[in-house]
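Scroll down for the structure; my scribbles are underneath it.
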Amino acid sequence: MLSKLFTTGALIFVALSTPVIAADDKIVITGSSTVAPLITEIGKRFEEKNPGVRVDVQTGGSSRGINDARSGLADIGMASRALKKDESDLKAYTIARDGIGVVLNSANTVSTLTDQQIVDIYTGKISDWSAVGGTQGPITVVNKAEGRSTLELFLHFFKLKASDIKAHVVIGDNQQGIKTVAGNPNAIGYVSVGTAEFEAGQGTPIKLLGMGGVAASVENVRNGSFPLARPLNLVTSKEPTGMTKLFIDYTQSADTHDLVKEQFFVPNGP
Amino acid sequence: MPEPANLIDREIHPVRDRVLLGAVWAAAMLVAGAFVWLLADLLWHGAGRLDWSFLSTAPRNSGRAGGIWPIVVSTVLIVAVAIVVAAPLGLATAVLLSEFTRRGGTTERAIGLSLDVLAGVPSIVFGLFGNAFFSVWLGLGFSILSGGLTLACMVLPILIRTAETGLRMVPDDWRLGAAALGLSRTTALHQILIPVATPVLLAGLMLGIGRAMAETAALVFTSGYVDRMPSSLFDSGRAISVHIYDLTMNVAGGDRSAYASALVLIALLVLVNGAAIWLSDRTLQRKIATR
Amino acid sequence: MSRTARDTCLLLGLSVAAIVASGILLLIILFLSTEAWPVFSQVGLLKFAFDEAWYPTEGAFDLKPMLVASFAMSMLSIMLAAPLGIASAVFCRFYAPPVVRRAYQWIIILLAGIPSVVLGLWGLTVIVPLILMLAPPGASLLAGSLVLALMIVPTVALTTQAALASIPQFYWVGAAALGLSREGTLLGVALPAVRSSIFAGIMLAMARALGETMAVLMVSGNVVQLPTSLFDPVRTLTANIALEMAYATGDHRSALFVSGLALTVLVFILAWVARRSGGQVVHA
Amino acid sequence: MMSAVDDKPTPSREGASSAFTLGPLVAGPPCCTPQTHISIKSVTLSYGRIPAIRDVSLDIYKGCITALIGPSGCGKTSLLSCLNRLTDLIPGCHVEGRIAIDGQDITTPDLDVQRLRRRVGMIFQKPSPFPLSIWRNLEMPLREHGVTRRDELEFRIEKALADVGLWAEVKDRLGSAALTLSGGQQQRLCIARALTLEPSTLLMDEPCSALDPLSSAVVEDLIQSLKGQYTVVIVTHNLAQARRIANYAAFFWVKERAGTLVEFDQCRTLFDQPRHELTAAYVKGLQG
C-alpha cells in the first residue's frame, strides 16, 4: 500500500520535474518587497503585450535587489531607496515615488505637529500628548527598523541619528505601521502617504499629518511640494539591453501609471 | 481499551481529582476558545471574500482582487515535495535511532542533539540557507523544488522525533518474537513495528504538514513570489502563507484577501489531514488486526 | 539477496539518512559562519557581547538584550504551552466525550497549521490592543509569549497524545487493579510512564518558539532593550534578522548572521542542558 | 487476557484435574536417543562487564526435553537466549565459550542468525502473537523464509495448527485478530508459529507461567507430545511441571553474583537423588 503510494508519488515527481521548454525570454527581478507588488502587476501586463516573455519577480528586500543585480543573479534589482555612495557602479531607473507622512490614530485630538515637536516626540523629550495640546496619554512612538529606507529618509529629514530615537514599537513593513497605529490611540508613526490615504478612506482609524505646512497627500508628493519622499528604483549592473531594456522602458512609460496609482504610489512626471 | 474510569468510580482524593478535572477542562476550553476566537476573526473579515471564483482564478491587482488558484497549486506542490523528501528520510533516521542505537549512547546523543538544534533554527535562517544552498549552489533557482527541499530540512526534526517516539513505544515482545522466528529486522519493521507505530507516525506527519503549510519566511527566499500557475517543479511559485504575508504587510487593502486566503489554507489543512487519517486507517486495517 | 544482507543494506541506508539529517545542521552552521565571518574578522567576537547597544549602521553590535529576549520569550511561552498542551492531550484521551474529542482533535491539528503570519496578524489586531488597555504600548514580551504559546500548544499536545496512546494496556488495568482513580492513574502511572516522550515534545516546542520569526515580529514591539516587565516591548534574535535583513548591507548584514549564530548557540546550550537534566528525569 | 472459560481443553486430553496432581515421573533415556544435539562449552555471558552466567557447560540431547531450573536471576533465560543468538539484540551483551548445534559452532560472527533461529524456535513467557490476523501470524514468517506457494503455505499452517490442537478452534476465523484469542490459545498459536518453520529445537521460557491451570495443562500436554520429534529446552519455575515432562534437568544457582550450573542429570535422578546439597535443598521445596 505505502510502497504503491510512493511509486505513484515518485512518478508524479519525475513528471513534474521535467522542465518544460523555457520561455523564450525570462526576466528575473529581485529585491524590495515594497516595489514587488507593483512590478508583478507591470510584469503581467508586459507579458500580455510581449507573448513568450516571462517576468519572474522575487522579493527579499532592497539590499537583496542591489546584491543580485550586481552579482548577475537577477537581471534587474528593485530598491525602494536611492542608490548609496558605494553603489555608484549600478544604474538606477526611477519608476515611481512614495511619500512618507506622519500618522496618528484618528481618535487622537492632535491635528498638527511642528517638525520640532515630532523630533521631540521621537527623541523622547515629549512623552505625553498633553504637551502638544492633546488629551493626556503616554505617547507610543512607532519607529522603523534599522537600515530601512523610510527610517533613513526620516532621520535624514529631521537630522537625527538612529540612536537618538527612543521608540516603543519597532516595525518592519509599511502595513505593520498602519495596523499598529490603528490599534493604539496614542501611537505615532510614519508610513507611505499613498497607502495611508487609501486606508484612511477605507475607514481604518488613522489620520495623516501635514509636514512643514504642506498637507500629506499623493498630489503634493507628485507636485514635489511634500518634503519627504523616496524614489522606487529598478537597478541594473550594466546598461540594459534587449528585453531588459524594453521592460525598464515600459515601467517608466505612461502605460503603467494606472498600475502605479493602484498600488498607491506616485507616478513619474506630471 | 477499557478506560480506568470504567473500572473504578469511587473517589479517594475527591479534592485533587476535582481540581484536576476542572483544570483539564479549563485548559482545553482555553485552547479551544482561542482557536474559535481566531477562526471567528478570520471568518468575520474573510468570509465575504470567499466564493468559487476566489478559489478558481488567479490573483489580480496584487491579490486585492481575483483569486488564489495558482497559489493553492504551488502550495500543495511545495508541501508535497517537502513531505516526499522528508518522510522517508525522517522515518529512516527514526528507525536508526530507535532500533539500532542505544538510548543515551553516543550516536543517539549526537544525532538527537543535532536534531534538537535543527528544530530551533529560525525559519528565516532556513530561508537564507535554502536560497544559498538549493537555489544558488545547486542551481535550482527560485523554484518549488528549492522551496520544498528547504521545508524538508525544516520539518525533518519534527518527523524524526515523533517517529522515534512512536517506534520506541512498540513493546519489545514483538521485536523479540520476530527475531526468535528468524525474521530479518527489515521484515519486522515493515510488517509489524512500523504499522503498529502508524498512529504516532501520522501525528508527526500532521505536525510536519501543518508546519510546512504554515511556513512563510523560509519560502520567500526559495520558492519565491511569482503568483503565476507553475508549469513544473522548476518554476517559482508563491505559497499561500507568503501570499498572506504579502497581503497583510505590503499591500494596502489586502487584508480581506489575506483573511480569506487563511480560511482556504485551513480548509486545505482539513483536506490533507483528513486524507492522511483515512489513509492510515486503511493501512492499519489491512496490516494490523487488533480487534 | 540474503536476509542478513538485506539487514546490512537497511542499516547502511538508515545510516546514510541519519548522516544527511544531522548533516543539514552542519551545513547551516557553515553557511551562517561564512556569512558572519566578515564582521567577526573586523570587529571581533567580544563586541557582540559587550557593546553598548545595537545600532549596526553606527557600528554598535550588542546582542545581549536580544539573546535575553529570545530566551525569556521562549521560556514564558513554553511555561504556558506545556501545561496547556499536556492538559489538552489528557482532555482528549480521558475527559472529552467522543464528539467533543473529535472536534477538539481537529482544533489541535488545525492550530498546528495556522501560519505564523495569521497568528501574528490576529495578535496584532486583537491581543495587542487588549494588552494596551493594561499597559502601553501593548506590543510586548507578554503579547509575543501568548501568541507563541498558542502556536506551540499543538506540538506539545500531539506528542503527548501520541505517547499516551501507546501506553500498554496492562498499565491501565494494573493501575485500576490497585484501586487508583482516573486521576490517580494519570498522575501516578500514565504521565510518568511517558515523561520522556512528553519531554521530547516540549523540547521540539521550545525550539520552535525560539526559532519563530514572523508572529513574534508582528506582536512583540521589537525594541532592543532588556525587558524589565512583561509589558516591555522586546526584540528577539529572529525578529532582528527578519526586520533588518531586507535593507542591510555590508557589516550590518554580516552582523545579522551573527544573530543567527547566536541563536543557534542558545538553542544548543538549552538542548544540551535539557538533555542532561531531562536524561536524569527519564532514567530516574 | 486471563479468560480460562473459552479455552477448552482439547478432546485428546482426558481429565484436566490431573494438572493439579503430580503425574508419574517420566523416565530418562529410553524414550529418546542420548545423542548430543546442542553442546554448550564453558559459556560465560556478561552484560557490559557484569557476568550474568559464568562458565556453564552442558549437553542437550536430541529429541529430549531438558528443563532448566533454579531461582530467579540465575541466568536460565540468558542461557536460553544464547542458543538462538537472541543475545545479539541486547546492546552490550557479550558471550564467550562455544555453543554447537549438530556439531556446528553457532557463536561465530558470520553465522546466518536468521537461519539459526528458524532451526531453533523460541516460545516466550508472555504469549506474543503479532497484532495481525491469525493467518498472517503464521504466514508472514513462512514467506520470510521463502515458502511462497499457496498450497504449501496452507498445508504447513493447517498442520501446525492441528499439531497444537488449535485447528478445530480457529479454522473458521483465521482472518480475525490473533490478539482476540485467549491467553492459552495465543500461546499455542505462538508454538504453532514456531512449528511451521520446522525447527529441530524449541526453546521455551516459562511457557505456562502466564496461563491459567487449564490452559497450562493443555500447553503442557502439547509440549509432551513434541518429545521425540523436537529437542526441547524449557525454563520453568514449576518444579512439578519439570518433573512431569522433562527427561533431563539442569539446576542453576547464583554464585558470586553470576549464574552457574550446579547439577545436571536425568530428571528423575536430579529430583530424587540430588548429588549436591544446594539442589537437594531447592527441590525439597517440591518434596517437602
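Lettered A, B, C and D in written order, each chain numbered from 1.
Convention: contacts are C-beta pairs under 8 Å (C-beta built on N, C-alpha and C of every residue); 3 or more make two chains touch, one makes a residue touch a chain.
All figures in this text were calculated on a predicted structure; none of them were measured in a lab.
Listed here as common contacts of chain A and chain B: C.
Path length between chain A and chain D in the touching-chain graph (shortest route): 2. Chain centres defined as mean CA positions place B nearest to the mean of all protein CA atoms. Of all the chains, the one whose CA centre sits at the greatest distance from that of chain B is D. Top contact pair of chains, counted by C-beta pairs, is B-C. Inter-chain spacing, taken between the CA centroids of chain A and chain C, is 32 Å. The distance from the centre of chain B to the centre of chain C, each centre being the mean of the chain's C-alpha atoms, comes to 15 Å.
As a whole-number value, the distance joining the C-alpha centres of chain B and chain D reads 46 Å.
Centres computed as Cα averages put chain C at a distance of 51 Å from chain D.
The set of chain C residues that touch two or more partner chains comprises 3-4, 121, 125, 242, 245. Among the residues of chain D, those in touch with two or more other chains are 113-114, 144. For chain A, the set of residues that touch two or more other chains comprises 33, 60, 172, 176, 179. Within the complex, the chain B residues that touch chain D are 102, 105, 173-184, 187, 191-192, 195-196, 287-291.
Residues 53-58, 60, 121, 124-125, 128-129, 132, 136-139, 217-218, 221-224, 233, 235, 242-249, 252-253 of chain C are the ones that touch chain A when the two sit in their complex. Only residues 84, 86, 89, 91-92, 113-118, 121-122, 124, 126, 128-133, 136, 140-141, 144-145, 176-180, 190, 193-194, 197, 203 of chain D touch chain B when the two sit together in their complex. Those residues of chain A that touch chain C in the complex are listed here as 32-33, 60-64, 66-67, 81, 84, 138, 140, 145-149, 161-163, 167-172, 176, 179-180, 183-184, 186-187.
Taken together, the chain B residues at the contact with chain A in this complex read 61-63, 77, 80-81, 84, 88, 131, 136, 142, 145, 220-221, 224-228, 231-234, 236, 246, 248-254, 279, 282-283, 286-287.
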